[in-house]
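To keep things simple, chains are lettered A, B and C as they appear, and every chain counts its residues starting from 1.
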Amino acid sequence: MSVYTDTISFRTKGNTDVIDITPRLDELLQKSGMREGFVVIHAVGSTGAVTTCEYEPGLVRDFKDIFDKLIPPGHYSHNETWGDANGHSHLRASLVGPSITVTFNNKRLLLGTWQQVVFIDFDTRSRQREVAVQFVGEQ
Amino acid sequence: MSVYTDTISFRTKGNTDVIDITPRLDELLQKSGMREGFVVIHAVGSTGAVTTCEYEPGLVRDFKDIFDKLIPPGHYSHNETWGDANGHSHLRASLVGPSITVTFNNKRLLLGTWQQVVFIDFDTRSRQREVAVQFVGEQ
Amino acid sequence: MSVYTDTISFRTKGNTDVIDITPRLDELLQKSGMREGFVVIHAVGSTGAVTTCEYEPGLVRDFKDIFDKLIPPGHYSHNETWGDANGHSHLRASLVGPSITVTFNNKRLLLGTWQQVVFIDFDTRSRQREVAVQFVGEQ
């Protein structure tokens, strides 16, 4: 077994910006040359999260709406600590979670047809983001 | 180290149907012959999720109730995209998350006594489901 | 590649007690002697969860508040099953999730500057807790 570590970087708009990173993962999987194994995907930073969803514009809007309802922007103790306004961003990111692990076989990620790997930026502003990616498996 | 990939398949009823897959994982762990390592478990499809819980009928009812409260069925933009009615199913699945990873040692999953690995089907109908399972470890 | 399994143990206060376990993970990473790989971290037991956050007192208070709002203590079917009062603890733990996976490279966890790995004890009382930790990688 071998290991291949890389980083996916991109610019986000913030405010529950949902980014489909599946094509980048597919590219890196082919680059790794591995046939069978798994990939660990985790957000670097505490206001972003990684999960899967059907990536289509309607659902992306629904994400914004449901998080605005469940954990709305507003007063949080965190905001007093630093004088910033992203307490809700932190809570949302911790709830969704920073990492997922997806297996692959025959050089193909074992995802559903309508299932993409997404990074969600919950922060309140545009940011340059990094997602750590590690493929572990066999040729 | 070696890798063993398999799939667990089953039929669900949908609507926050909670399925205990721990016995199937235990069987596959014995079949793999591995002593120490970990297993990646991830839902194939974007309206199912994997997590752990104490699997007992009361808590299974509580899951249905809390998700009906937090992310109720109803109007979502996703529903307009496809003309279906499972926007809430997608949001619930992305929030819980598609994957977990559990370690094992001495051929035993390192879970608590009252902790089972469950697949939750949030879709609105009965479906045939697949969970991708990969054991990585040493004999 | 090799594997190193260990356990992190500590006492919690319960009631959404957030424990920063990053320093313990760093110690074990150095002890493992590995350079490149990943660490699986998962909660043993069904009322604790693992995620990442910026570990600072304001945000810790916000965690308690948001979970008291989203999944308040009170009546749950689970409580009738066992005659206990921690139905909300179970639901919160399953929602956040039991496990995360974090990669490392050059003997350093690939976390953000303000991102710590935390265990959250959602149970209603002080408990002795175990988090299973497994490092997999190369020297």
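Heads up, the rule we're going with is that a residue touches a chain if its C-beta (ideal position, glycine included) is under 8 Å from a C-beta of that chain, and two chains touch if they have at least 3 such contacts.
Not measured: the values here are computed from a predicted model.
Steps from chain A to chain C, minimised over paths through touching chains, total 1. Counting the residue numbers that touch the partner chain, chain A and chain B have less than half of them in common.
Here the CA centre of chain A is 19 Å from the CA centre of chain B. In chain A, the residues touching two or more other chains are 1, 70, 95, 97, 101, 136.
By the touch criterion stated above, chain C contacts chain A in their complex at residues 1, 36-38, 51-54, 56-59, 61-63, 65-66, 70, 95-97, 100-103, 105, 110-112, 114-116, 118, 136-138.
Chain A contributes residues 1-3, 5, 40, 42, 44-46, 70-71, 76-81, 87, 90-91, 93-95, 97-99, 101, 132-134, 136 to its touches with chain C in the complex.
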